[in-house]
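Some structures are shown below for you to check.
Next, two complexes with subunit A in common: one pairs it with subunit B, the other with subunit C.
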Partner chain A sequence: MADRTFWQSMWALTMLAAAALGGLLLLMLIIAYFADLTIVDDASSAAVDYESRSISIVISEEPPQMDSTRATDAVSGMLLGHLMEGLLRYDGEGNLQPGVAESWTVTPEGAVFKLRDDARWSDGEPVTAHDFVFSWRTALAPETASLYAFIMYPVKHAEAINLGDMPSDQLGVVAEDDLTLRVEFERPLAFFDRLVAFTTYYPIREDFYLARDGRYGADAEDLLFNGAFVMTKWVHGAEVALEKNPYYWNKDSIWLERINIPFITPDSNTQLNLFKDGKVAMVQLSPDTLKNAVQNRWPIRRFAEGTVFFIEFNHRPERLTRNLNLRKALYYATDTAELVYRVIKLPGFLPGASLFPTWLRGEHDYLRREYPVPAHPVNVTRAREHLELARQELGLDEFPPLVLLVGDTPTSLKQAEYFQNTFKRHLGLEVRIDAQIFKQRLEKMTLGQFDMVAAGWAPDFDDPLTYGDLFASWNKNNRGYFRSDALDAQVRIAQGSLNQNERMRAFGEIQRILLEEVAIIPNYERGRVFVADPSLEGLIRRTIGPDPDYSRARIRED
Partner chain B sequence: MWRYTLKRLIQGLITVWFIATTTFFVMHFVPGDPLSDARATSEQIRENLEARYGLDKPLYQQYYIYLRNIASGDLGISFTQQNREVNDIIREHFPVSAALGVLAVVFAALGGILWGALTALFRNRMPDVVIMFLVVLGVSVPSFVFAALGQLSLVTLNDWLGVSVLPVAGWGSVQHLLVPALVLGLGTMAFLTRLMRSSMLEVTNADYVRTAKAKGLNATQIFIRHQLRNAILPVITVLGPAIATITTGGFVVELVFAIPGLGRFFVQSVQQLDYTVIMGTTVFYGGFLVFMVIAVDLVYGLIDPRVRVE
Partner chain C sequence: MSTANPSELDFSPAPERAPQARLVRPSLSYWQDAWRRLRLNPRAMISLAIVVGLLVFTLVGPMLWRLDPANQDLEQLSIPPGAARTAHIVEPYTAWRREATPGTGLRLASEATTQSVRLVWDAHPSARAFEVFRDIYPPTHPPTQSTQDALGIPLGEISPQDGLAFEDRLALEPITYYYHVVPVGAGNRLLSDARETIEVEVTRAITLEEATQRGLVSTGKKTQVGDEVELAWHPLGTDYLGRDMLARLMYGARVSLFIGIVAPFLYVLLGVAYGSLAGFVGGATDQTLMRFADFVVALPFLLFMILFKVLFGIGPGESGIIPMLIALVILGWPATARLVRGQILQIREESYVSAARLMGSPTGYLIARHMIPNTLGVILVTLTFAIPSAIFTEAFLSFIGMGVAPPTPSWGSMSNEGIKTMLVSPHELILPAIFISVTVLAFNLLGDGLRDALDARMRSVE
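Let's look at the complex of A and B:
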């Protein structure tokens, strides 16, 4: 009897489960209807597809700003690099190539760009010099509040306009006719051609911009393109799709028809899983996923990403780190090779030796070959001597703990622990680690609430000046308030001189002063490691400009 | 009943106002500057940005303007995505979280009820022991572990079969929804299973079940009409808050499965000090939670006349 009750109950439960399953299926259909989902997954998004000439990739975040005058981040810059074209552009080797401009002449006082007559917007209208005048003025207008306006300051009156002291029609750029753009410089300048490839210098067509009424760049239909691709789809947070621009003047050099971006996530494990599943053509590897990729025996590729990391000291009067002997003690105790090869242990990273990274070009060769950094022997005895001197100079019995401000990423924390351990072991100094999220670290840096900060600097344009003026006394990014009149003088030469040899010598001097004064302790140059689909060819990774660049990629036929 | 409803609604509004006010002031007192960026800017640009977001005014005025805007349904423009309105962000991304959440809740509820009833039937026998062991796992393992495991098993499965059975991540079809919803609902399902089991066992020995048996009703009827129906009540009670927490708590799952839900924007905004998005999403989520609880309380009265007020 009890057994029968049991089986009858079981039967009832099974029926209920079946009903529940049916209800669930119905519910999914209802959800699909309301959430605008398809019933069957669209299988077209393979990592690479030779037939349709399309690839799929993943990006780490929703592009925050597709208005080129205001974009500051890497993801927006990468997309804009595929969608827009400036007067000039960088090729895969980092050399300047003609873009919208067919030819150009740069003199110390100004530049003239001759635009090609077959450059078109994605609605078929010609790209004219007026489109550049408009976007440059917009970028500098105080209302735009563009964070990258400073990159246009070499143009005459740009700074005054940006500060609101002058109307924007006074800007030193004029469209002499539809195809001639004349630029006047604020002061003589040697490297303007290397600036105009930058995002902020891209053109925008006035009538289109005004018709969007403040929504320019907010959605795919709020953008007009003049580059190799057009954006055909942008579902916020979910998906972006690019298609070849039929109006691009150089469309014959573009092989790919379509770039799908069906995934947006910063999670590196998810990215790797998508790669493993054959859904995306390239993924960046993190310390987490690197091991997994190695286990799968995928060929790991690497490149110098460009950013330089260093310990920046606080030189404000009330700080102990203002003392040169203390800074020297810390410097002589630091072994960047140990930091990179034994602590961080990521392929592609290089031990830092200078503020200027190894890949920067000088006059004829790499800057660092023309002006080599003196060898930095790790010398604990010397470090202790300097520490003792510092102790006497500062009149201390014992050093209080030093505050090391760092970011909250795993690599920053490893870096911080390396210094904590090293300074304790070699010098008996206590280091207190203050890990903060980005904006709070920035605020603490600005307010000077640190003794040392793990800082980094990414390049904006292809000239050593992108690093060279960082520690000038007037630079707002010099948050440790380092001040050296000798360095300031060299920065002025580097900014103003037209003689490349003289400029590079100035950078050499800046490098020497920074190391002698121990304004910073160089830590490492960041590298990137990634895996890519073996049949994807012509993928460009670069230190300056849109990265990664798929615009010249093609798929090998298997 | 109407008076009770009205009273609850007013209480709810006050709660939301309290959430909005606390968030507003805490957010402003947290160190960090929402307008800072890697490249330092001139005073002029800063002032322009401050003016654009109204940060140049004294705090009490900002608070007043902010409350007025909320009342009129305008949550402002995002700091990080400068040409998107917070209203748009919520409108576009909440339905995604909701779709995921609803399915997860239904998974959890159905699964919890069925597994709970099953374990009660098999009390102290093998299936009961195994399921209860899994339940303990389900309650104690955090969702990001399940999310990562779920995704890993999908990749392995697809790799093994050579075809893509279910997508690993992304959004756009019903298939994309399945595994994330299951992962999201797993913890709640485990919790409900335990609840349902004990509630079932309690009911089995109840007087009315014995009476039903004595009347000679068949076991199927007793099981469904008298046992299940009564045992389900406590499950429904906790379902209300569960709906709210699941719908608003999918952040990790959304991140791992690359799903464009609101949870991601909520968490990112805190990391990036995006004032308007922090405020918008917090108030929205707060309101959603508060009114969900009220709605469940009211619905509960409909299901069980005994708890009806008055």
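Let's look at the complex of A and C:
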């Protein structure tokens, strides 16, 4: 009796499950059918279209705004690189090319840029030297609160103006006439030409900026362009579209007519599926989607993106990490090769050894070849010795948990959990992970609410100084308050000297001091792997400047 | 009845009847009856067995499977259940000095192990550099896009200045790889015609030190380089950091079941007290209390949860379990309170209560004898339905990162981690997902059975 009810009930359950599954399947088919009906299969939704010379791409997030003086994130930098042009620009090989400036002369005391007379804004008006003077002054004005104002500090009086100690018309830049821009330097400088290609140095036209009444950069119609493309559509959170700028002076070198950005998503699996469906022309691969790309037999490409990641310590007096022996213990317990090869598992990443990445050029060769980093073998015994010393110096019986501040991306969380386990296993130290979104992490770094922080630094210009002055005691980005007089002295040499050999020696010294004092634990140099549509040619991936750069891309006719 | 002429028979005594067997059944108490009904319900019984099994899994499991759920086995990352685990003992890793290797063409400089694969090749006249690729498919495997060769993962670019050699250490697995070395000519163009390919069979390797540290080497036996050892056994595989899935599921169950059982227990208790008070006192008190309950129902749970986390000052890396528990209790009780109030209102008007009252029963007796026993069935049923919903809430909150702090696992956070690698190592998502689904289903079916057994009026019709 009981048996029969049992089997009957099991049978009923199975039938119910089967019916539910069948129902779901039917529902899926119906939905798929209607979804197919609503999708308009026009050219703008294809990854590449030769006929209309258009491509579609995906971006990971929406730019917060598009005002070049206030842009900080990579997506804004990438879009602005297509829409605007500075005095100079970088080409695909990383060499400087003329932009709005036709010719230029740089001396240790200043620079003179001769602007071309056919450079135009997207409304047809000429681009003049006054537009640069206006945008540079705007970027430095204290009320703009640009996070990148410091990149203009080489210009005379820039720092004083930015701090509000001087009116902005005192800035050492003048428009001698419409086509001549003269710049005076704060102190002798060897690499100013490499700076002016950067986003913050882009021009802005004064009458347009003022007419927007504080809304400059907020929407597509609140922008004026002088680059290869114009932004024709910006539906916030959903879609961006760029079209070729008919007024661009060098428009003959631009083949593409249209760049559609119909997708904004940070999810790597979604991005991969978009590429698989032929909806976007290029996607970045993550450790999770890499295997999938291999299985799909796509030609995978790699490039060393070059951003350096490291663990930065908090050197404030009240923090345990101020103790050198504790930092050394953590340093000797860290195996960056294991981190890169076993945990991150992405090709193109290089195990970190120094603050200075491998691609930086020195005097004749790569800086890292001229000033090699001593090998750093993992040494747990030594790490424990240093830990014991630190314990005695600090007069502790037991170490309290250390706070490791990290970003909230999957890679940084994975990395944080790896460090948590490594320090626990080798040193018996408790580590608490504090995962925060970028803005909040920056805020906490500024307030010093961390013991260790997983930080990264992307290069802004092509000189080792973009990394070299990071840990100078006056640098605002030195959020752990690392202070070494010897290092400060070397940074001053690197900033002020015009002798390349002397400068590179200073960078070598900075590298040595940072490692000896364990100001940071280098983690890795980031690489990128990506897949691109095989008919897309001329896509530029670069370390410095807007990346990826589609402006010189073209589609091969099949 | 006949009225006339009574017969003789009417005045004689009735014949004595043989004593008949009396039909009696043993008196069944309410609980005995409920248990009997429940036992006859196979679905409920299976669910009950699953629930008991889960409790054993959670409470006894970690005593039998003594593995730290936070321990990372970096030799075995993201391995599926039942993967092979034989490894060779090798020398500790030392940096490669790129000594000359005899032979020509693309060749191996040393034995290929999961520690490293060392490749050397010969110069090419027009090569500016060499790009090294690693593929899991043989070169004959058809590429999907005919215009370009699919060569697998690009590992790196080697300039001839650094020597014609490459060392691969990137996430090596003990399978067969196909390495391609392609010269890069002027203008960064790959010279595909001069491509060289080598098939490399990688063996799993572990250093003696590592093996000893992980307790893989038996102390009695002398183990040396070249010997084989069995790596740690992970019956359900490992996650992306080489942590044992079984241990993590067990510890994850602790968090999930703790929230799932304690929170409903507390809020049902609160709800019963609140509801019976409202129902028994009635009148304006009842109105006020129930309007307050309505107000609590309207509060958004997720917002409350975030506020609680802030209010409690839950710092970095600290578990958000206690605020989650409190938020659940504070926001969960009104449903029970309403139900119990309704029951009490109904029972208060029953004739047996009136009878008891007339006979002078004090309030305490009324509540203890009549009110509570008659609502107990409803309360128990609410409780069993509240458990799965609380488990699901916990899983959901951990999934969006509001729950436990790493490295503590919970089923929800495990699913969140697993979903990122869903396509390449599905077991990391499927296992916790199965546990969540089965647990929630089991508690729901058990609740269903209990309702049938305990409450005749709410019995489902089959």
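FYI, the second predicted complex is superposed on the first by the 509 of 558 C-alpha atoms of A that agree within 3 Å, B and C clash if a C-alpha of one lies under 4 Å from a C-alpha of the other, contacts with A are read in each partner's own complex, and residues count from 1 in each chain.
Just so we're on the same page, a residue touches a chain if its C-beta (ideal position, glycine included) is under 8 Å from a C-beta of that chain, and two chains touch if they have at least 3 such contacts.
No experiment lies behind these values; they were computed from the predicted model shown.
Once the two complexes are laid over each other on the shared chain, residue contacts for A:512 go to neither subunit B nor subunit C. Looking at the shared chain after the overlay, A:6 reaches both subunit B and subunit C.
By the touch criterion stated above, A:269 is placed in contact with subunit B and with subunit C alike. The wider contact with subunit A, measured as residues touched, comes from B rather than the other of subunit B and subunit C. In the superposition on chain A, contact of A:150 is made with subunit B only, not with subunit C.
Once the two complexes are laid over each other on the shared chain, residue contacts for A:477 go to subunit B alone; subunit C is not touched. Residue contacts after overlaying the shared chain place A:439 against subunit B, while subunit C stays out of touching range. In the superposition on chain A, A:215 makes contact with subunit B only, not with subunit C. In the superposed pair of complexes, A:53 makes contact with neither subunit B nor subunit C.
Residue contacts after overlaying the shared chain place A:361 against neither subunit B nor subunit C.
Judged by the document's definition of touching, subunit A residues 5-6, 9-10, 13, 269 lie at the interface with subunit B and also at the interface with subunit C. Against subunit C, the residues of subunit A that register as touching in their complex are 2, 5-6, 9-10, 13, 269, 288-292, 294, 296-302, 337-338, 340-343, 345, 347-348, 375, 401, 403-405, 408, 410, 413-414, 416-418, 420-421, 424-425, 431-435, 529, 534-535. Per the touch definition, subunit A reaches subunit B in the complex via residues 4-6, 8-13, 16-17, 20, 23-24, 27-29, 31-32, 34-35, 37-43, 58, 61-62, 64-65, 67, 70, 72, 142-143, 145-150, 162-164, 214-218, 222, 235-239, 262-267, 269-270, 273-274, 276-279, 437-440, 442-444, 446, 458, 475-477, 479. The touching residues of subunit B, when paired with subunit A in their complex, are 30-34, 36-42, 44-45, 48-49, 52, 80-84, 89, 92-93, 95-96, 98-99, 102-103, 106-107, 110, 114, 117-118, 121, 148, 151-152, 154-155, 158-159, 164, 167-177, 218-220, 223-224, 228, 255-261, 264-265, 268, 271-273. Residues 40, 42-43, 70-72, 74, 77, 95, 135-137, 141-145, 147-157, 169-171, 240-241, 315-318, 401, 405-407, 420-424 of subunit C are the ones touching subunit A in the complex.
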